[in-house]
Amino acid sequence: MAGTGSAPETQLTSRERIKRALANGKTGRISKDAANAVMLGVFRCAAYITTLVLVAIIAYVVINGAPHISPDFIFGWPQGVNAEGGIWPTIVSTLYVTALAMLICTPIAVLAAVYLAEYAKQGRLVETIRYAADTLASVPSIVMGLFGYALFVEAMGLGLSMVSAACALALLMLPIVMRTTEEAIRAVPRYIRWGAYGLGATKWQVVSKIVLPSAFGRIATGIVLAIGRAIGETAVVLYTMGQAINLPISPLDSGRPMTVHLYLLANDGINMNAAYGTALLLMLIILAFNLFARYLSRKSR
Amino acid sequence: MNSTDTQRPETASRPKRELALVSRSTYLKERALQYLFFACAFLAVVTVVLIFAFTMLQAAPVFTDIGLANFFSLDWAPTEGRFGILSLAAGSALVTAGALVLGVPLGVGTAVYLTEIASARVRAIISPAVDLLAGIPSIIYGFFGMVIIRPFVAEISGGLGFGALTAWLVLAIMIVPTITTLTIDALRSIPMGIREAGFAMGATKWQVIYKVVLPAARFGIVDAIVLGMGRAIGETMAVLMVVGNAPVIPDSVASPISTLTSQIALDMSYSSGLHRTALFGMGVVLFIISASLVGIVRMLSKKRKG
Amino acid sequence: MRTTRGCGDVALTRRGLLAAVLASASLTLLPGCSAAESSEQITVAGSTTCLPIAEIAAEGFKEETGVSVLVSGLGSSAGIEAVSNGTAHIASSSRGLNVEEQKLGLTTIPIAHDGIAVIVNEANPVDNLSVEDLCAIYTGEISNWSEVGGPEMDIQLVNRDEASGTREAFRTIVMGDAHFDRRAAVLPGTGQVRDVVSRSEGAIGYISMGFVDSKYATTTVKALSVNHVEPSEKTIASGGYPVSRDLYFFVKGEPAPSAAAYIDYVLSERMDDMIREAGFIPVARSVSES
């Protein structure tokens, strides 16, 4: 689409001068088409490297992990010194704590987003809330772990337990769900609300009967994404859930999530087969959640 | 926790007409719900304050028993009563800087390719790949770094393979999705008209990208880089598994170092007394860093809006 | 096997995380424990080094007698504290009692030897180091293999994390009052140390004797002689190999019959192979221990 400059040298209009400046910068050593081709190639390379890295990681984990996945591995208990056998309790611990975190986080995050999107007037208070949410989203996970340990485990006396870890994870998920929910609510067209108001609905009726249902798909996407994040979290749960291999029943039970199991196996460096198997299962679960989120978001569009 | 703060913005600005039409009980219910929603939203503020206050409380002896001179010195030797975090902070800085040098061109480049260059078909493949890359948990990156990248670095450097170089490679991969996604947002927000004007002047694609698109999106890209930086500084598990955990200023990029986050994670399991307070002190430092980075991003975006 | 749970009523004490582990574990009631057996339970708390032995024994002991044994690894000191205040029946420890703890009136029962092998890369021609050399290497005084009769090559130090019992033992036996070189890589696992050393020519590390030839490992490392004594089961059991220690159980007063039976089980010949598999060396029954 770029016309090659073939104007006579004598008449330099301002248009021509800009064209030249654009074409060659101040000096005209490299032809602009060559520069174009090279740089587009560079960008393409960047994108390909990114994709390649993803493929490499997934392929590596799949190739090394797949031979060790079996029903016995998934549903068995770790045995003996080197955690041979299965990883069932760690899968249950991971799912348990994530579900609990979701139950704690979702109502708060959704209602908070409702406030920000529907009720709040822009002002310093809302600014503060947004700043807080952004800060919360960027708190390093190990700091969240330290805090969770100091508050939930020690000060509140919940011990190293599912509920301590779930609370800390909920804090991690809160800003994610809050942001996606707020965006979802804002994406609901105004005229639907006006229609409802016109029929005499109160604000809560509009929100609960009109806005939230129509934003449901995108809210669900946000929740599922946050779940994916929580499942993969290690530093937060390492010091809030404990490391005991245990099938959790009550929320006060301790347990060992898959991520921590993988960390300990990798550190021990003895039974690497189990580490690869755990890594693969963990990745599959997270990928499944992410793909589900993509599916939800496409459906709601 | 919120009763004092709620009244200010609500009562002043609410139009009277809207609620005068309903019965008193409905009005009260609506009002109560509104306060509930506000309480939920305000919880974010409460939590952030709590995190800071609580970590600070645990770290209080840093000021009294350890002393700031000790805390901000180079020697980290908890068993000998020396709790200097500077070499750890230097490790964090070194690791983050290298990750940015590698990760920013890759991330921004990928974003530019996806928004400006790629065909819809290619985009449909690479764009989900970036999303999936963002979803892979840090422990898997760490594991991958430990079993693949570390031996590789050991091979080329002749050392153990633990150190900044390995951490750079791992962290660069990890921050690419963050930077890419945010840069894509920034690039998409630039009106097509600007690009078309550029093309109409006879500019090549690269010229439009370099002279028009990137300058126009610069604030958004800086946002992306700052947030990627936050991710790199705060990353714990992946770093812990590849840096070698030696709390010293390194001789080379291939010799073991330690960072604030990894040292906390490593020591937390057995530390007690002053050692533990020092870890919480490091937590406070990390919290302040990440909160200021967010503050910078917010300031930038305010500037951008005018 | 279900691991790492303590029981009994434990107040949160100064030991921070460790105490919290125990406290939380005390909240945990294992659904798998049938009610009939839960009346009698033995608690073993203490060294993480002893964890594998205590756990394997617990597994076998439960099958044999129906008495369940709860094993938790909190560190030797915490275990000794737990047994002296009655929280646990048995303390497991990777060290003897210190002067203060000797006043607590605990009975010492050696359960296994733990030899620490000093490992280097197979390509390294050095075969022997004295304890003094080792100390100088780990303080950073000696930083090249040529100083100990090897080739011109930098020494790459691999150390364990401070929570490790092996590091504690190595420090006590080899280092004395000297401090570890802080430039050393600190790795939080035995297998990782082994793997790293097996791949880096100049590396030196130390691991429990039993993991030198691991059935999981795909690479090999070379265990050095120390003071010209090769590490082997014989030299460790006889005390000839310098870098070794004993693992102990401690009980307070006369142990309960079930606890005594468990201790006997740990010391019985059936456990020998298991103890070897966990990387340790069983105590010779003929040799009397101090």
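Each chain carries a letter (A, B and C) given by its place in the written order, and its residues are counted from 1.
Just so it is clear, a contact is a pair of C-beta atoms (placed from the backbone, for glycine too) under 8 Å apart; a residue touches a chain by one contact, two chains touch by 3 or more.
Only a predicted model underlies this, so the values are computations on that prediction, with no experimental measurement involved.
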Chain separated most widely from subunit A, comparing mean CA positions: C
Interface with the most contact pairs, given as the two chains involved: A-B
Distance between the centres, which are taken as Cα means, of subunit B and subunit A, whole angstrom: 13
Centre-of-Cα separation between subunit C and subunit A, whole angstrom: 40
Sites on subunit C at which at least two other chains make contact: 17, 187-188, 192
Sequence positions of subunit B contacting 2 or more other chains: 146, 268-269
Where subunit A touches two or more other chains at once, by residue number: 149, 239, 266-267, 272
Residues of subunit C that touch subunit A when the two form their complex: 1-5, 12, 17, 20-21, 23-25, 27-28, 30-32, 52, 55-56, 59, 187-195, 211, 214, 216-217, 277-278
Footprint of subunit C on subunit A - complex, ascending: 77-82, 89, 149, 153-154, 157, 159-161, 239, 242-247, 249, 252-254, 266-273
Subunit C partner contacts - residues on subunit B that touch it in the complex: 76-80, 146, 151, 154, 158-162, 244-248, 250-251, 255-256, 258, 266-273, 276
Contact footprint of subunit B on subunit A as seen in their complex: 1-3, 5, 15, 18-19, 22-23, 32-33, 35-36, 39-40, 42-47, 49-51, 53-55, 57-58, 60-61, 107-109, 111-116, 119-121, 123, 125-126, 128-129, 131-147, 149-151, 155, 171, 174-175, 178, 200, 202-204, 228-229, 231-235, 238-239, 259, 262-263, 266-267, 272, 275, 279, 282-283, 286-287, 289-290, 294
Subunit B - residues contacting subunit A, complex: 5, 8-10, 13, 18, 21-22, 26, 29-30, 33-34, 36-38, 40-45, 47-48, 50-51, 54-55, 57-58, 105-110, 112-114, 116-118, 125-126, 128-133, 135-144, 146-148, 173, 176, 180, 198-199, 201-207, 209-211, 227, 230-231, 233-237, 241, 261, 264-265, 268-269, 279-280, 283, 286-287, 290-291, 293-295, 297-298
